[in-house]
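Below are two complexes that have subunit A in common, paired first with subunit B and then with subunit C.
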Partner chain A sequence: MEPLPGAAPPQPSEEGLSRYLAGTFFLLPAIVLLGIWLLYPTVYTVVRSFFGQSGYLGSWVGIDNYRTLFTTSTLVTAIKNNAIWVGVVPAFVTALGLIFAVLTERVRWAVAFKTVVFLPMAISAFATGVTWRFMYLQDPSQGAVNALGRSVHEAFSSPGVLSNALPSTTSLQNHGGALVLKTPLHPGGVAILGLTGIAPQDMPSGAKQAVKPAPKSGDVEGVVWRDFKPGGGKPGVVEQGEQGIPGVTVELRDSSGKVVQTTKTDADGSFDFSGVAAGTYNTGIGASTFAKPFGGYSWLGPKLITPALLIAYIWIWAGFAMVVIAAGLSAMPRDVLEAARTDGATELQVFRRVTVPLLAPVLSVVFITMIINVLKVFDIVIALAPDSVQSNANVIALAMWRTAFSGNNDFGAGSAIAVFLFLLVIPVLALNIQRFRREV
Partner chain B sequence: MAAAAETVRIPAPRDTTAARIVRALAKTPLQLLLAGIGLLWLVPTIGLFVTSILPASFISTSGWWKLFAHPSLATFSNYSALFHTAGLTGALKTTAYIAVGNTLIVVVVGALAGYAFAWLDFPGRDWLFVCVIGLLVVPLQMALIPMFRLYNTFGIGGTTLSVILFHAAFGLPFAVFLLRNFFVGIPKDILESARIDGASEIWIFLRLILPLGLPAIASLAIFQFLWTWNDLIVSLTFSVTTMNVFIFDQLRQFTQSIDVIAPATFISLIVPLAVFFAFQRYFVQGLLAGSVK
Partner chain C sequence: MSGTSGGSRNRSVRFAATAGLIVALVAVAAGCGGGSNKSSGGGGGTTSSGSSVSGSVKFWGIWSAQEQKAVQKVIAGFNQKYPNVTVTYTSKGDNIPTILATAIAGGSPPDVADVAQPGLVKQLVQQGHLKPMTYAKSTIGANFSPAWANLGTINGKLYALLFKASNKSTLWYNVPVFKQAGVSAPKTWSQLLSAASTIKASGTPAYSLCGASGWTLTDIFENIYLRMWGSTKYNDLSAHKIKWTDPSVTKALQFMAKIVGDPSNITGGASGALQTDYPTCVDKAFANPAGGAMVVQGDFVGLEILQATKAKANTGFNVTPFPTITPGADASAVETGGDLIVTFKDNPAIEAFVKYLATPQAAEIWAKLGGFGTGNKNVPASIYPDAITKTTEAPLLGAKSVVFDMSDNQPAAFGATTGQGEWGIFQKFLQKPSSITSIEQQLESSASKAYKSGK
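Right, the complex of A and B next:
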């Protein structure tokens, strides 16, 4: 491009004038649109940001609106969150795009894979937000993400037989999740471990009438049972109509609290530790019996909402990075790669030492584009974050909208946030435009 | 001699079935990994679709994947009910008007300006071009407050036209950038000979530039269409009920109705998906032109 410093005035000749007119004719519509919808608003918003809340301009407040920006907690949260977005998303998107682009080069169905990963790019960020809102529902039987979490969780630790059970008398006390009988027993003793708070449908199948075993020398025996029957019953006493709880893990602890034996209860709730050496022992029900089933993470709650948003956003943009990087990859000189392989470089070395450096310009394009996108992120946040956590999920563009519209109607502070966003975007986009000027 | 030559000859590697199986097996972990990733990218959209064809009573207590255990539950009644919901057809129409209308404006105005910047010689042209490209930095948030005020002053707040013009203006810098760069690449001889033959600039624009620039124009049109079909913030600010605003209103209601939100969201995304599949080539071209070039 050749800038024309002190451009020559239009030639007074007929040809010069007609060219000038032609230029005006072709450019006028664009200039009108850009002038009214971009230039005028930009100037107005900058000016407006120094004035108060309401009215045509409101009253002059100087830089107060900008001060609010850094002192109001929801706005500070927005800035912090946006910093997290900038720190996480461009790096992840670029890395995923690079990995996908390199891996798909090795399979025959690369086109199908690319199409699938690229699909979210065509869908609106808003619709994606709504889609992921269903994915993130907390109840594992409704939200797919937590359903997956539950199957992983249950593969490692299954929920206990009785997640909600409580001791029926105060003779049992909580010991790090386990329920342990307070009174120590000697061999020949019988432990009475009564539980309540068990709904009938939660009783393990095969339960029979509870039986209190007779004492036996050298053994510690006992019973775990549902210490409740219709009408109530007497707490702490095994009665007719009360069922034993089968399959409960019972622990025998020595005087130092160490578990020396474990066993499981029978159908009538009875258990038996045989061959117990002399001494005092505490008997208890193992903590695993009371393990709660996986209840799901609160992805849409205040703590996890930002990570949840980041995941959904990376899901959208990975395809973009992959397509742009794959285009760069296919334009790369193949002989350089082949030469490196011939010289005995491993695939990983080729990737790190040759592919990535050669792709650096493309990678930086993706990275910079993602910074700009992330600074302006709005739709997905308003779609995915429920109203109640939008203050926690806040980002700059959303803060601007919520301040200026959405009932608050503070045009002064809203303008200041818009200008702040503008100032953040300028240096990043200037990089892109500079690159463009170099290339022309 | 002949025998010696025979022993030295290296047997040509034969592509036996066994060799092919070995090679395929070596790639199996990679294939599985990529298939898993692909599935991960498909599940949310499939989930949305399945949710949209399940009865509300079922989906409010169970996960959509249970459909595969009870396929008979699938029903399109949510969709037929949706089209009787007040405002849906209107929202769909409004979205279409906005997306098509502003795309037409951007293409025409952008092509005119792109041609001027590429092939007309007038003082200050290159500086003006840099200024237009410079406007790419203006985030649309900068214009929401002033245009909201201005629209209300002129009484066009809440009209489809107000959103169309807003989108058109904000699409222009990229349009001018894309089309100017493409038009510059059109061989100069074609234009020069037409000019020598006495053709007017308008004739050249309509008969030469537009047909030759069709690939770039198609990319631009697809982009602009998708971008504005998918918009939320502009139509929300100017209170124009597009599909996304319609869904947003449902989402904000105290008792959210999944049986309305899921099918409405699916309808709103099936249009861009169809456009994407129909014009995939142009879409990717435009993407690369916009980011790499």
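Right, the complex of A and C next:
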């Protein structure tokens, strides 16, 4: 530790020496603590990274651990993901923070707005991760994000009444969502349209024992029923104990596939197309019956997990950026803005040519802080990403912890990852320190 | 807390689960003479040499809360025979592998520890940290079938005693859903498949899978492989003497594809299952209305059902052994996991304690309290407090064919790391069950890498 410039004369007099000693004495606790808690672990980690899994004795592996770092697919994914994080988050957070800060200057409820935007900072990243994980759940009845998607989706198309139903035999085939009986029928024929995969609680109310209608000349008749009874029953046969499905829209299609008549089934599942002209027809159940409800996006799946994480992380940190930038904004000389406006600059021009350049030092502090934060990101990934996609969502800090402590207990490789992360952070830190020096 | 390690957390969930299940069931069963009267522990008599042994034993374990109370009772039972030995048990929780690793690095391991990962035991033996317990061989031989003694034998020497065992070869089912579909508990593989397709037709997905927790998928594969090819081949595969590209693996994966291959018969489909962790899949299957009919997992599921759902034993849920696949001696082989007692030091006090843990008296003290399974053949099945526990734990007693959870027994980089190695690759399999060849290649390359670097 260097003594303060004023406290160290070139040739220490008696008095100067004692002041020097006093300074050292007061610094001693800090030096000891830093030595024990920072310096020693750092050195130990660097040394440990050149040894294998089993410890010091006879397990010198040289730079093998570092080689693993760049050849193991999960670690490479982690490095790539960290690059994405660094590329996206600082820029977005700074930009959003700037926009919020500038806009809140002009709204009435600025304090309330700022509080709301800043609030996520008050929540631990872990809790945020857990919360967002619930919000991202795929099932729209559980995940808020997909619930929003469902209400938008349902504004345009509503799900069918039997969206889970399946044909009970292969004689029913899928035609663009509709289930159509393969064998063509002539007037006087009877269509047997059996469905399974319908849970009892999903059956329309008022269903009665299914009845297979007797053929009637000039009519095409049939039955739609839940072709299931405990034990399974015989597929394709209307049996005692199997219920008709009422209210299903049945279509009669001519040989070209055009729908010529539609009707609805009765309580016993039967239906009747009367006055059918001679010819061959196909009967089927309309596609709208089976329209699937909005299934939700797989936010927590392997493809969307990193974007999902980025959104949650930006949501947390935008408030921080806003507060810091707003502070810079309030310290800005107003007369410069006024002068620009008097000279006829538009608001956009003022923003771009005056506000942003004057705020540049603050913006770069936010930007650099975010780069460091993002390089070390860990907690939100482990809390938000389900185990099945953690290798897709992996980041360096998480990979380090997984290798060193979770299952593997490979302190050697774990240390190597830690050293690598340390090396990545150092240049950014150096930049930051340089800035502080310049400002002081 | 839920963010801690994949491996140890899941393990602990399993054991804690096994534990609580029976405790809870005992409470439910009420009336069944539950007194904490352990003086009936029998086996007194031979205490003559007991008081001549003295010393102290530092014992670290994962058991906490209820389990810690139970282990203290076991220690009290030991002290009746050896009053001059002081056993100090400290609960180190789920993170015991890490705590042991650091304690060893710092040069102060405990005398005795309980470890849930056989792979870790093997690693500790290879690194020369453990002491063989040859002195306990005859006691273990008298109480356990050779298959159990083998579980603790590494490089021909006995290093570990599986004191507290769990049964991972079970299948839990939703009784009302089974009734509605008109199917009964499957005993064979073909019965399982036909029951599953009937259940699907009845409108409920047959399988509730916890795909987000990779170990649940490897557990299913392991049970299939074990009951298809028997314990010898199983052990060869887990020691990587058989390659993962072996035709036996192909066939087992084909069988597994019959479970994971039909997304419409899985709760939430494959992608939903991959976001469902353990125990959420259990909660879904036993919710009302039921999200699924079956959870193919070990004995630890029972507690979760009792704690998180309203389903009651026998009327709401029930359990049956994993279906048999290939008839023969290994048709009902059991996959087990549990807490292995290992020793870092050697002295008469430690020896006496380890030997005591291998006796039926020690096992009975805990079995009566609940949450405990054992392979000790001299423990009667009647010790278990209720029907569910009997179904899950009785197959262990004296079981002749018993193996460890394969993924526990492999290097952790392959068998026990979240999202990577075996766990991660089986999740890919659930995503794309048609890609058996590619899955096998990935498994093989990941396994051979882990086995190489493990040395």
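Assume the second predicted complex is superposed on the first by the 274 of 440 C-alpha atoms of A that agree within 3 Å, B and C clash if a C-alpha of one lies under 4 Å from a C-alpha of the other, contacts with A are read in each partner's own complex, and residues count from 1 in each chain.
By our rule, a residue touches a chain if its C-beta (ideal position, glycine included) is under 8 Å from a C-beta of that chain, and two chains touch if they have at least 3 such contacts.
In this text the structure is predicted, and so the values were computed from the model without any measurement.
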* To do: Specify the partner with more touching residues on subunit A, choosing between subunit B and subunit C.
  => B
* Given the touch rule stated above, what does A:309 touch, subunit B (first), subunit C (second), both, or neither? -> neither
* Looking at the overlay, what does A:126 touch: subunit B (first), subunit C (second), both, or neither? -> both
* Answer with first, second, both or neither: which of subunit B and subunit C does A:191 touch in the superposed model? => neither
* Considering only touches as defined above, state whether A:379 meets subunit B (first), subunit C (second), both or neither. => both
* To do: Using the touch definition from the top, say if A:411 reaches subunit B (first), subunit C (second), both or neither.
  => both
* To do: Could you say whether A:74 touches subunit B, subunit C, both of them, or neither, answering first, second, both or neither?
  => second
* A:166 contacts which: subunit B (first), subunit C (second), both, neither? -> second
* Kindly classify A:329 by the partners it touches after superposition: subunit B alone (first), subunit C alone (second), both, or neither? => neither
* After superposition on the shared chain, which partner residues are touched by A:387: those of subunit B (first), subunit C (second), both, or neither? -> both
* Asked: Touching subunit B and also subunit C: which subunit A residues?
  -> 126, 130, 379, 382-383, 387, 405, 411
* **Partner subunit A, residues of subunit B touching it in the complex** => 27, 30-31, 33-34, 37-38, 41-45, 47-48, 51, 59, 61-65, 105, 108-110, 112-113, 115-116, 120-130, 132-139, 141-149, 165-166, 168-170, 172-173, 176-177, 201, 205, 226, 229-233, 236-237, 244, 247-248, 251-252, 258, 261-262, 265, 268-269, 272-273, 275-276, 280, 283-284, 287-288, 291-293
* Any idea which subunit A residues touch subunit B in the complex? -> 1-4, 7-10, 19-20, 22-23, 26-27, 29-30, 33-34, 36-42, 44-45, 48, 56, 100, 103-104, 106-107, 112-113, 115-117, 119-128, 130-135, 141-144, 147, 315, 319-320, 323-324, 327-328, 362, 365-366, 369, 376, 378-379, 382-383, 387, 397, 400-401, 404-405, 411, 414-415, 417-419, 421-422, 425-426, 429-430, 433, 436-437, 439
* Where on subunit C is subunit A touching in the complex? -> 2-8, 97-98, 101, 104-105, 120, 126-127, 179-183, 197-198, 200-204, 211-214, 264, 268, 271-272, 274-275, 277, 289, 412-413, 416-420, 423-424, 427, 453-454
* To do: Spell out the residues on subunit A that touch subunit C in their complex, using ranges where they run on.
  => 53-55, 74, 126, 130, 137-139, 164, 166, 168, 196-202, 227-232, 235, 298, 300-301, 379, 382-383, 386-392, 394, 402, 405-411
